[in-house]
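Below, subunit A partners subunit B and then partners subunit C, in two separate complexes.
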Partner chain A sequence: MKVKVEFSGGLELLFDKATRLTVDVDEKTTIKDLIAYLKQNHLKEKPELFMSGDSVRPGILVLVNDVDWELLDGADYKVEPNDNVVFISTLHGG
Partner chain B sequence: MNGKSCVRCGNKAQLKRPKTGELICKECFFVVFETEVHETITSSNLFSRGERVAIAASGGKDSTVLAHIMKVLNDRHDYGLELFLLSIDEGITGYRDDSLESVKRNKEEYQLPLEIVSYEQLYGWTMDAIVAQIGMKNNCTFCGVFRRQALDRGCELLKVDKMVTGHNADDVAETVLMNVLRGDIARLQRCVAIVTHDESGGYIPRAKPFKYTYEKEIVMYAYFKKLDYFSTECIYSPNAYRGFARELIKDLERVRPQCIVDIIRSAETFQFDTVNIRKQVISRCEKCAYISSQKICRACVFLEGLNSGKAKLSVFESEGKTQKSKARRVEEEEKVERSKVSILNADW
Partner chain C sequence: MLNHLMQEIVSPHSYRTISFFWSVLYIDIGAAVGLSEEERLERAGQVRDQFASREHGSQKEFYIMPLEYAFRNDGENCVEKMQDYLNSFKQLSAREDALRQLVQTAILNFAQENNFSNVITAESASNLSIRVITEICKGRGFNIPLITSYDDSSTHEGVRILRPLKDKLAKEIAFYNAVEKLKPVFIPDITTGTPLKSSVDRLVEEFISSLQANFPSTVHAILRTTEKLKVPNMQTVFNCVVCNSVLTRDERRSQEEAVNGLHTGDDLTNLQRLGKMSCYGCCRELDFFKSSENCSNLLSSKDDAPQQNKFVSERIAEGKTILEDFPIYVNDNIHKLIRMSREQVKESISEYLIEDQ
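Coming up: the complex of A and B.
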C-alpha cells in the first residue's frame, strides 16, 4: 500500500533534501516499521539524528494525517493506505 | 484511525499538550497557546503602553512564531507597542543569508520594520573571514560574544525600550540544568528571570514571552499555522546547540513531559544564599564603551587579536602571559571554559 511521508524542521537534510516521499509498504506496517524502512531505504546521513533505538529520537514530532502520534498508538500505530505521516524535528535552532 | 475528542469543544483532538496531557483540537490549541502567552505577558507586566520593542529574529522556528504571536497579541489586546524585527547578519554564506530571507518574508507578512546589523559593518569581520583566519575551534565563542553585543547595538539603533527573544521553556530548563551541573549559582538565579537587565541600565532589558511555552507546542503551532521558518544548522557549529543537558531534557520529557515546567518552577522557588554570590562589578569598555566587567570588553579583545592576525593567542593565552600564579591562571581558564558553554546557551 502507498503511504505519504513528509520531513521538515531540518530533517529533510538527512533525506537528501526530500520534503515529500511516497513509499510502498506492506499491510500492517507500524510507524516503527516505517521508521526502519525509511532508515534502510531513504536516509542519507547521520542516522543518530533521526533514530534512537527503534523509534525516532526524542525531540522529533510525528503526525499522522495532522494528528499527533501521541493520540494514536505512537510507534505501534498501524499505518493505513494513503496515510500522510509527517516527521518534524524540533531540534534545529530557533 | 480512531478519533479522540478535544477536552474543550468535543471535536476531533489533534494534539496532546505536553504541559497538561490534555487532548485538544487544532482550533482550541491556537486559542490556548495564544492565551497562555498573553497571560505570561500580562501577569509579568512585560510591557508598558507606548514602548518600542525589538523582536530578535533569526528566521528560525522560535523567533518566527514569536514575531507572529507578538503581532497577533499586540493587535488583539491593544498593547500599544511599536514592534520591530532585529536580525544579526554574522556573514555566514549558505546559512545566515538564507535565514535572513525567511526574516524578510516575515517583515512583509507582518508589516514590521526590519533592522539588520551585520558583523561586517560593526566589527569589520564576517564569520566566514574569522573562520578562515582562526579555524573552526573557537569560532562559536567569538560569534556568541559578537552577537550579544550586536543585538544591543541594534537595539540602540532602533531606540527600543525592550527586546524579546524566542527562548522557550525547553531552553530555560536546559539552562537551569547546566547551571546546576556547573554550580553556577549566580547564573542559576538569573536564568529563570523572565526579564534580564543589569542594574546600571547598561543594556536593553531582554524578555522571554515563551518562558513557559514548550518547544513542541511552538513547532506544532508553526506547523498548523503553516508559518514559514528556516531550519538549517549553522555550518560552523554542527550540533553545537544540543548539549548533554538538552539530550537529558528530551529523554526526560518523553517519560514525563511536565518535567520541563517543573524544572523551571523549581529554580524559581530556590532560596539563594545571596552573601555567597559574588556580584560582578560592571563598568564600561575603554575602547568601545560597551558594558564590561573588564577594562576592555571581550569583543574588543577578540577584535584586537583578529586585526593583528594573532586571534588564537589573544583570546586564549593573553591572560596567561602576564605574571600570575598558576592557580589564578587555571581559575581563569575555567572561567573561559564556562563562559564558552554559557555563550552557546545565550544564543537565541
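Coming up: the complex of A and C.
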C-alpha cells in the first residue's frame, strides 16, 4: 500500500533534500517499521540525526494525518493506505 | 507562527485590533553558513513571500540585513572578512557563539538606527531553556534573567526585546504551523549536519530534548526557576565590549583596570586586554581565537602587560591590529567605554578642577 511521507525543519537535508516521498509498504506496517524502512531505503546520511534506537530522535515530531502520533499508538500505530506521515524537526539547525 | 499572530493582531478583521506600525527584519546569515548567492536570494525570497502572502493590508516593510555588514569597511570584502573572523574561532562552540552575537548585535543596531522602540523575537520556551543552560556553561549566568524575560526592559539604548512566544514549546509552535498550513522556511545554521556533541549548544539541546521526551515539564521547570533570579541593576551598567552582556562586579573591575591601563597612543592590539574588557564567557572564547595554542589562557594571565602571543606579534609586524579582525562594533564599544570611563573620572574629580575663566 502507498503511504505519503513529508519532512520539514531541516530533516529533508538527510533525505537528499526530498520534502515529500511516496513509499510502498506492506500492510500492518507500524510507524516504527516505516522509520526503519526510511532509514534503509531513503536516508542518505547521518542516521543518528534522524533516529534514536528504533524510533525518531527526541525533538522530532511525527504527525499522522495532522494528528500527533502520541494521541494514536505512537510508534506502534499501524499505517493505513494513503496516510500522510509528517516528520518535523524542532531542533536548532535541523 | 509569530508572523501569523502579528498579522492577526493588526488585522482589521480580527476580534480585537491593535494599531501599531511594524516591520520585518530578516538577518541573512547565508554567507556565514556557506550558502551560495543564489541560495541566499532564494531563501530571502521565500521568507519575504511568507510575510507578503498573509498580508491583510497592515502597514509593514520587509528589510533584509546581510550579516556581513557588521564588517563593512571601505574597499574590503566584508563576506571574506566575516568568514575569516568566524573561522578564527577554532572551536565550533565559540564560532556558534560569535555568530549569535553578530545576529543579536545586527538586530539591535538596526532597531536603534531606524528608531524602532521594540524588537519582537520568536524564541520559544524550548529555545530559551536550552539557552539558559548553555549560557551557564559558557560563564554568562549573570545575564540569564535578561535572556529569558518576556520584556527585556533593560533597554539596549532605548530598544526593548519582547518575547511573546516565551511560554510556548517548540512542539506547540510546530503543531500550530502544521494546523494553520504555514510552511516554515528552513535556514541552515553553522551546526547543521554536525555530530550531536559538536558544540555546547548542540549537546545541551540533545540533553534537554531527551529529558523533555521523558519528563514533559523539564523546559518549563527550567524557565520557572530562572524567573526567580534577580535582574541585574541596569542603572549603572557596563557591558562586555564583544557580546554586550551585562558585567558582574568582578568583571567590571577587571574591565576598569584594562581601560585605566591604557595610555594615549596605545594600540588595542593586546588580546589579553580585549579579554579583560569582556565578560567571562567572551574572555574564554577569545582563548580559541586564531589558535588555542597561540593564545595563552587569557584568564590565567595576571596582568595585561606585553605577553603578546605569536599571532599578535605577526599582526603588529603587518601593521594591523587585532581589532581589524573583529566586527566594527567591537571597536566602537571600546571607544565608547574609554569615553565613559574618562567622563566618570572627570566627574569624580570635578570639584578639584579649576575652570577656565
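Going forward, the second predicted complex is superposed on the first by the 92 of 94 C-alpha atoms of A that agree within 3 Å, B and C clash if a C-alpha of one lies under 4 Å from a C-alpha of the other, contacts with A are read in each partner's own complex, and residues count from 1 in each chain.
Here is the rule we use: a contact is a pair of C-beta atoms (placed from the backbone, for glycine too) under 8 Å apart; a residue touches a chain by one contact, two chains touch by 3 or more.
Quick caveat: nothing in here was measured; it's all calculated off a predicted structure.
With both structures placed on the common chain, the touch criterion links A:G9 to subunit B and to subunit C.
Once the two complexes are laid over each other on the shared chain, residue contacts for A:L61 go to subunit B and to subunit C alike. Contacts of A:L71 after superposition on the shared chain: subunit B is touched, whereas subunit C is not. In the superposition on chain A, A:T29 makes contact with neither subunit B nor subunit C. Where the contact sets of subunit A with subunit B and with subunit C meet, they give residues 8-10, 13, 57-59, 61, 63, 66, 68, 86, 88, 90-94. Interface residues of subunit B facing subunit A in the complex, by the touch rule stated above, are 1-2, 4, 12-16, 23, 26, 58, 60-63, 166-168, 171, 215-216, 218-220, 223-224, 231-234, 241-242, 250-251, 253-254, 347-348.
By the touch criterion given at the top, residues 126-127, 130, 170-171, 173-175, 178-179, 183-184, 186, 188-193, 195-196, 201-202, 205-206, 209-210, 212-213 of subunit C touch subunit A in their complex. Against subunit C, in their complex, subunit A makes its touches with residues 8-10, 12-13, 45-46, 48-49, 52, 57-59, 61, 63, 66, 68, 86, 88, 90-94.
Chain contact summary for the complex, subunit A toward subunit B: residues 8-10, 13, 57-59, 61, 63-68, 70-72, 80, 86, 88-94.
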